[in-house]
Structure formats: structure tokens, C-alpha cells
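After this come two complexes, each holding chain A, first together with chain B and then together with chain C.
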Partner chain A sequence: MIRRTLGRLCLLVGLMLVSAAQAEVLLSEDEIARALSHGPWPPAFEPDPSNRVSGLPAAIALGEGLFSDPVLSRDGTMACASCHDPAHGFAEPRARANGKVLLDRNALALVNLPAHRWFGWSGDTDNLWAQSLTPIVNADEMDQDAAGLKQALVTSRWADDYAAVFGPPAGQDADDVLVNIAKALAAFQETLVTGPTSFDRFRDALEAGDLATAALYPEAAQRGLKIFLGRGNCALCHTGPAFTNGEFHDAGVPYFITETRVDTGRHGGLEALKASPYTLAGPYSDDPEQQGAWAVRQVRPLHSDFGTFRVPGLRGAARTAPYMHDGSLADLRAVVRHYNTIDMERLHADGEAILAPLGLSATEADDLVQFLRSLSDDQP
Partner chain B sequence: MIRSLAAAALLCACTAAADAQDLPIFDAHIHYSHDAVLQVPPDQVAKILREAGIKKALVSSSDDDGTQKLKAAAPEIVVPALRPYRKRGEISTWMHDPTVIDYLEDRLSAFDYEAIGEFHAYGDDIGTDVIQRMIALARERDLLLHHHGDREALDLIFASWPEARVLWAHSGFARPDEVTEALSAHPGLWSDLAYRSDMLGSDGLDPEWAAAFTAFPDRFMVGTDTFAPERWYYVASHADYSREWLALLPQDIARKIAFENAEAMLAAE
Partner chain C sequence: MRVLAFLAGLSAAPALACAPDPDALALTPEATASLVAYATLAPGRLSQPFEMQLVFCGEDAPAIQRVEVSAIMPAHQHGMNYEPVVTALDDGRFSVSGMVFHMPGSWQVQVAAFGDGEPVFYTLEVEAR
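Our next item is the complex of A and B:
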């Protein structure tokens, strides 16, 4: 039995070698140059200057422990991991997250977070610890307050670990304890980086001029990549190594929440950001130079903000269905179908002028899906 | 002395705020298209407009049915304009489609309008038979033209009909100095500021725009541009945003841009 399977495996490997020998790189010079801009991957770790425990092993361990512990929620029933499931790429399979009530949005996947300048679908925050603090105190989610959190921490099994990183909590202001906990959670989440995939091996081989290795990348994925870079215009928003420009766009997804309520997207996000004490320009940042604070100081509301959402990164996305801010698209095939038949009636004539129905054939749509999947075939 | 100055300053701020809140607005760039009609019913739209303090609105829809439904729900607000589209998707093809003229003629004989538009046309699109015929229809009835497009097209509209009154949508997305240049070239031109946010910079009113408003206080107006159904829920925020930057202008200019210019444009001969 085992032997027979082995024999079949050998045959398979043999076939793959033959077809690999015949395979080739389908990209033009120009496409190769553009493909190179989506790497190298993963990026080198750089500590977050606004978070003094960023990169600190003890803080990372504390953050990892707290992430899965419902002790952070007022009634002890909800952990970060309740909505950000490590087995689902740190997102979850339901379309819209369920807190105390059904929330308005799909839980974002918590990977490759240092690639972002703004956090959440609408950029309510400009740093990871502020975004990590939000669900703890949100009445519709973990419903805690600073005093309650401090009390819960002191009596929890994390008290000593916390003290080892931040000093004894007893003498600390409850607000500072809240921010410290958020910073430990951020330190942990910064380590959640997707690994190199078949796309990266292709890209690195192209960079090294090793066409033989590059040609091992399936032709369907290569054809999909060509659409992604060219006709699809995908790479105009899904840019760079993390496949996101980090900004807010209208991808033609409806944004009604109920019949009489809409998700205002970046419009509301900017209002929340401007009202937040937890920005890079605020007193809770640990960075005396306030690097990056220029963004929150300078950003101005635009009429085009309304109903725009942050461009998601695409690495690991194959693991985190469903898609879009409201989880309205069930799988990657549905996403490609969305772009393929995008409703121009919804877009402003001078807004996202780069989106238009693509008219991809069924095979081309499959190719594009194959390419997207090749951004998620790392070993998580 | 110092104290009374401070008090005076405070008083000013208060009156300005109170004024800002009830500053009546003429929203010169509203659409209520077929998808919006289904998702945000006319009564709901009328309520949104009234609560936002929008006293009048230049409404054009693809298809025109939306405008008529909204006019029935809010007759005191709606100033109807006829769009040459049955679907928004016709934005770049309509000028090559002769059935557009049949549609315009049918609607013009069945309902009352103050304007034709908002229509999209660039460069020598204006020379097409469909657009020339549309301009002739407007001329026969002395209707305003609400044009979305570039300066070249704008000039060609005035070349076709020198006495035209034209409202330049989004002021052509041109720079303030380009807009003022167009306004001085064409006395029959007004400028809507819809979907533009460049009037307000991080240090207050943009100086170039401020200069344009001062040079042509009678020619600018605001508009929301409800191009997708969801954007109806932006109308109130947009009105507040307009009041915010208008409050940085002298009060008489603010009132003109907020409301009076649009009324004067419609009444102009």
C-alpha cells in the first residue's frame, strides 16, 4: 500500500519535472520590473518607535497570552482571538463580526500589520496599539474600561508578566495600564508576518536572473499576474511588497449596513482619528521625535472619503474568506467576479477612473485567482 | 478694555456659529438615479434634504423618473434638470446615440425643467449632432446647461450658443486661477464646487480660492453630487462642511455661495 503510493508520487514528480522543463517565463521586461516591486518578502523587522516595548520578547509573550485570554473583556467571555482566529489567518469565517451585537464590519486579518499607516477598514487610528485598545473599551465588543481592566489584570495570571515588562501595575494610572496592555498586544501582533510564497520564489528568481527557477511558477499564476499588473489595474492600489498602498479607495462595493444606515468608511474614520487621544501626535506615544505624526496632523477630510475603505493587503488572503469590509464576497472567485463586472453606475466619473469591468474570460478569471492564491501558499 | 474685546470676539464667534447652522443652502449638484430610487425612497430623501437645511436643490437623474418622484415628495426644494441619460452608464456614449434626442424631446414636452444636464462632454464632443441638437432644445426653451467637462468643451458650448447660461460642474476640476479665467471669459458661466475639497486647507481657506471667491462673489455655488445611493447619507455632512468653510468668508459672500448665486443664475436672462 505505502509502496504503491510512493510509486505514484515518483511518477508525479517525474511529470512535474518534464513540464517544468518546458515551462517558461511569460512576463515581458516591463512586467518583470513591475513584479519585482512586490518584494522582497518578508521585510526586516523594525521596531515601532511609538511603542517602547515593540520587539521586546517579554512583551511579545505577554501580548500573545493576553490575545487569547477573555480576561480582557468585562464579562470574561470575549478574547481578541474570538474574532481573530489564528486558524483562520487571524480573521474569521463570518461575514460581519459578532460582539455584544452584530458589528458593521468583517474582522480584518491581523497579519503584516507594520505595512500600514492607518488601521481598521476606515483608518480610525494611526498606530497598532491604539487600534488594539479600541475593541477592549468598545461597548459593543469587550466593553471594558480602564479601571475595570486594571482590576482584572492585577488579579489575573498575567500580573507578574505585566510587572516584568511595565513595572508593578498597582501604582500606575488605569489609563496607562490600558495603553500598556494595548502596546503588549501590538508587540505580539507585529510578529504575525506571512512567509515567503511561490510568488516570492518566482520574484526572487527573476531578480537573480534565474529564469529556470522562475519558470517553476505555474503558468496560470503567471498569466494571472500579468492581468493583475496590466489590464486589471489591480497593482495601482494593491502596490508594493504587502500588496496595498495603505490608503482609502472606492472599489465599487456597496456600503449600506441596513436600509437606512451606511458605513461611511474613511469619512467616519477620519472623524474618529481626529478625536482620538491615542495618535502618534498625542501624549501616549513613546517616541520623543513623534515620527509619522505628520500624517495625522496633515490629513484633511475629502468629499471622496465617504464610503471608501482601506486597500487590504493580499498576502495570506486565501486563508481569510470572506472578503471586503462587510464580508459580502464569499471567496476569491467572487472577488474576481466583482472586479470583472464592476458596476460603473456606482463610481464617480472623476473618482476611481482606473476601475472598469474587465471582461475576463472564465479561464482568465481562474488565472487571476491562481495568482492570488500564490500569495498564500506559505506555511503559516 | 482687553476684557471687552475678548467678549466681543466671543460674541462674534457665537453669531457666526448660529448663522452657520441655519445658513440656507442651495445644493446645485444632486442626482437621484434609478438605483437610489430603489434604495432610498423619495420620502426618506425629502427628509434628509429638509433636515440638512437644504432649501433648494438642482436635481438631475438617470433616468429622469427619479427627479419627478423627488419633486412630488419635496416640491418646495426640487429644481428639476433633465439629464440626457437613462442610465449613468451612458456617461461616455450618449453623444453618439440619436435616441437620446427622442428621450429629451419626450421628457421636455411632458414635464417642466429649469436646466438640461448634468451631462458629460469633453473637447469636440460638443460638435456631435446629438449635443448640438440638445443645445438647440435648451435654447428654444431658454434652459440652463449643467456641463461636466473640460474648458475646451465649455468654450465650444458658448461658441454654439453665445447667450447660453452654463453651470460648470465641479468647475471642471480646474485650478482656481483657471476657473476665474473661464468666469471672466464667459459672463454666462457659473461654477459649482461639487466633489471638491481643495477650498479648505490645513490652515483654513485656500488663498487662491479665497481670491477667486472675492473676485467673482456672484458666480460660485456648492453641491453634494449624490452619485451613488449611499451618498444620500452624506448630504447633511456635506452641508455642514460647506457651512464650515463658508464661515471663513465675509458673510455676504458666504450667503451668496451658499444660496443666492444659484437662485440668481436660474432667474438670469
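Our next item is the complex of A and C:
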């Protein structure tokens, strides 16, 4: 009798828990299916076949050391970390980066980079080591050249570590030294992957059918996710586990840098890409099969490329304000406000028809921000 | 991520001798065409390249010399960011690589077949998720 009563009680409590859990998972079946596409996270590490030192601990350590050392710049004053601050999500709090001059764009966060096909705001490179090389030789940034970099390396404290990974630099061509250093930097940056977040615990619980655990995800974030997946149209471009489709879109942000100068975005990026010797189809790739080189060969220049910029991933984004290619939006609320009241006059007249003012209420905008923040709570 | 292909009527291809795959989907010709065309799309993830196999059935199929392929999202007014590579096989068969759907939603694959006469145009509605 007691056992039967206890059994009924347990059943009742169980049903109540399931009922409560179901009530707190706000997503429809279709929304759950789409939410599952944003995981699992983090992805398993896969070495970059174009970089022979990808994943090698000695190369990662060398790259980490070089990343924060101004020895890579011609005048010894600027390191990668000067603009990609580890304490700021490997981005920086300034709207536009300061090199030798005030640069045109915000410094992109250097996290979750293996998820990308194109690098930088304009996709002027198709691999991470080429992207790492670009600021070293850019006259407006570190202003170095291959010969100067080799000389700086052999007299630096990194000479032995470099030799241990790549062999003695003395007999190496300066261009090869430049690329090798970039490959060590890339090996380090590949390790900068954000961790699982409360969204991932929600998503994984949904996949496992564990509604009780899924229901722990705050309702405000769930409502924000519904907007993200639905009427916000965010998930059209912010797709997949990294929350980016890796391609280029017009987000309605002005591309005039001054009254007489524009940032051409993807248009200029493609021109630079096509002229670069450092692509996956070029001689500096270590991959004899040239995996991934199809993209640089088959990418199609479009009239609408002008003024478009790469869709950034959203994981860790709450740590990397300000936002957009020119850093013109101060925080996540400003980003939501931008899309909520987007100026259609700023969009390409012949561009894609995706964006329109969202018309979210203040509460809905808060919910969307709560969801976006939940993609960054892997760190305090 | 799966790319699910749907056609109006969504019926698998009839068992014609030249159809390469029971899951092949019939393309819709722009006008009355003597050739029937079928496509098989390999499953793929959004933003990742996938392949498509094309088969043209009919007496004139061997005469097709060249095929052009593109895809658009009619609702978004944009196409693919990559130029697919079409490789002619034999007996009216073509292999297409480098197709990339970079956004979820309704895509329309567009195929132009060039033979001895006027080109023939086909479409296929595809839902990418």
C-alpha cells in the first residue's frame, strides 16, 4: 500500500516536472530543428592541410609568443595583440584600429577562425596564415617587409624556437621566413575557440530530448532565439554552429570613410585575393591536394559586392564591442536598434532583399540581446 | 545540415532507362522540350560545396554539347557566390561541382542545355536548410 502510494506520488511529481519543463521550452518543433543547426559546439580540431605546422605544440607556442611581441613590426612598437587584445575577446574597444594611421575598420575578433572560408572583413585572404601575414607587411600597420622580418627574427629571443619548428632561418629565403612566421601565428590562433555556453546546454538538451534541462535556459533568451530564428531574419546569414555563413552582405552600414573615400568591402577584397600569391591555390600552401582552393578559383565577382562585408560569428561577441566593420555601433543594444530601424536608403538598390526594419518592441529587443549574450557566457 | 530537394509534385523520377538514380528529380522545362532532364543533389551543409548530377533523356540527349548551371534565391534577389564547374560525362550526363547554397530557404536551380538547336532551359526548386 505504501509502495503503491509512493509510486503514484513519484509518477505525479514526474509528470509535474515534465509538464513544467514543457511549459518552459518555448520553441516550436520547427524552431527546435533550426536551433539544433547551431551546434554542436565546440567543433573537433582539424589541422589545416595548407599549414604544415597546424596543431603542432611547438608552433602554437611560438605563435603565441610572437602574437604579443612587437618584434614583428618594423619599428618594434606594434604586436598583433596591440589591436587584437586577449582581454577584449581578441578584438579591441576602439571603433577603428590604430596602426601607423587610423585604419578604416574595426579589428575583428580572432576566435573560432577555423570555421571561416574567407578572412578579414572583405575576405582578401582564403586562409588563416595569409590573413596573419597581411598586417605584418601592410605599410599602415606593422609596416614590415620579408627581409626586415627575417633580420628581426634571427636577432630576437624567438630564433631558437623558430629553428626548432622550421629549421635554421639563416639559409631560408626571406619570403619563406615571412610565411613560416605567419603559419606559426595561425597555429596559435586556431586554438582560440570559444567554449560551450548556456545556449549550447539548451541546444544539446533539446537534441537529447531532455526538456527539464532545456527549460533551465532563461525564457527571455528563448524568446530572443525565436526572434533570431524567425522574424528577425538573423539566422539567414548567422547560420551554423559558428553563427555565420562566412559570406558577405550589405548590413546597411555606411561605407563612406570620409565624404570622398569609400570602403569597397568585398569588391576590394576580391581584387586583393586574386592578386595574392598566398592563397590556397598558390605556391605557399603546404597541401599538395590544394583542398579548399576551389573557392578562390570559383568565387564569382558580383556587382553587389561593393560595400558588403563578411558576416561575423556571434560566439563570444558580447566581449568584443563595438560592432560592424567600422565599429560604429557601441554595443549589442545598438546593433539590435540598427536592424530594428534600418535605413533602407542605405542598402544597395540592386542588392539582395533581406533586410527591413524589424519593428521589435523594447521588450523584444531586450530578449534578442539576452539571446545574443547567452552566446558569450562561456566566460565570466 | 541537409539540403532537401523538392519539386512540384515531389515525385521521384519515373524509371526511365537513362535515369541514374531512383531519387533523381525531374527538372521543369521552360517550354515544351524534347528532352527530359533529371537532377540528383548530394546532401550538403549550408555554405558548403556540393555536387549535382544531371541526366538528359531523349533522342537528342547525346547532342548536348554544353550545360550551364546557376541558382538563385528568388525571394532574396541574389544568386550563388560561386561559379559551378560542369563536367560532361557521356550519354547526356553531366557532373556539376562547386554548388554552394549560403543561405537557408528556397533556391531555384537553373540549367541551360546547349545542343544543335536553340538552348533549352530548365529549373528545379530546392529548399536549403
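Everything below uses one rule, namely that the second predicted complex is superposed on the first by the 353 of 380 C-alpha atoms of A that agree within 3 Å, B and C clash if a C-alpha of one lies under 4 Å from a C-alpha of the other, contacts with A are read in each partner's own complex, and residues count from 1 in each chain.
Definition applied: a contact is a pair of C-beta atoms (placed from the backbone, for glycine too) under 8 Å apart; a residue touches a chain by one contact, two chains touch by 3 or more.
Keep in mind that what you see is a predicted model, and the values were worked out from it rather than measured.
When the two complexes are overlaid on their common chain A, residue A:L314 makes contact with neither chain B nor chain C.
Once chain A of one complex is fitted onto chain A of the other, the partner contacts of A:E247 are limited to chain C, with no touch recorded for chain B. Contacts of A:F256 after superposition: chain B is touched, whereas chain C is not reached.
Contact with chain C, but none with chain B, is seen for A:A235 once the two complexes are overlaid on the shared chain.
Of the two partner chains, neither chain B nor chain C is touched by A:A109.
In the superposition on chain A, A:R300 makes contact with both chain B and chain C. Once chain A of one complex is fitted onto chain A of the other, the partner contacts of A:S37 are limited to chain C, with no touch recorded for chain B. Within the superposed three-chain model, A:A187 lies out of touch with both chain B and chain C [touch as defined at top].
Chain A uses residues 298, 300, 302, 304 to touch chain B in one structure and chain C in the other.
Touching chain A in their complex are the following residues of chain C: 1, 45-47, 49, 73, 75-78, 80-85, 97-98, 102-105, 129.
Taken in their complex, chain A has these residues touching chain C: 34, 37, 117, 235-237, 239-240, 245-248, 294-295, 298-300, 302, 304, 351-354. Across the interface of their complex, chain B is touched by residues 254-256, 259-262, 264, 267, 297-298, 300-304, 306-307, 344-350 of chain A.
By the touch criterion stated above, chain B contacts chain A in their complex at residues 33, 35, 39, 44, 87-89, 91, 120, 148, 170, 173, 194-197, 200-202, 224-225, 227-231, 233-234, 237-238, 241.
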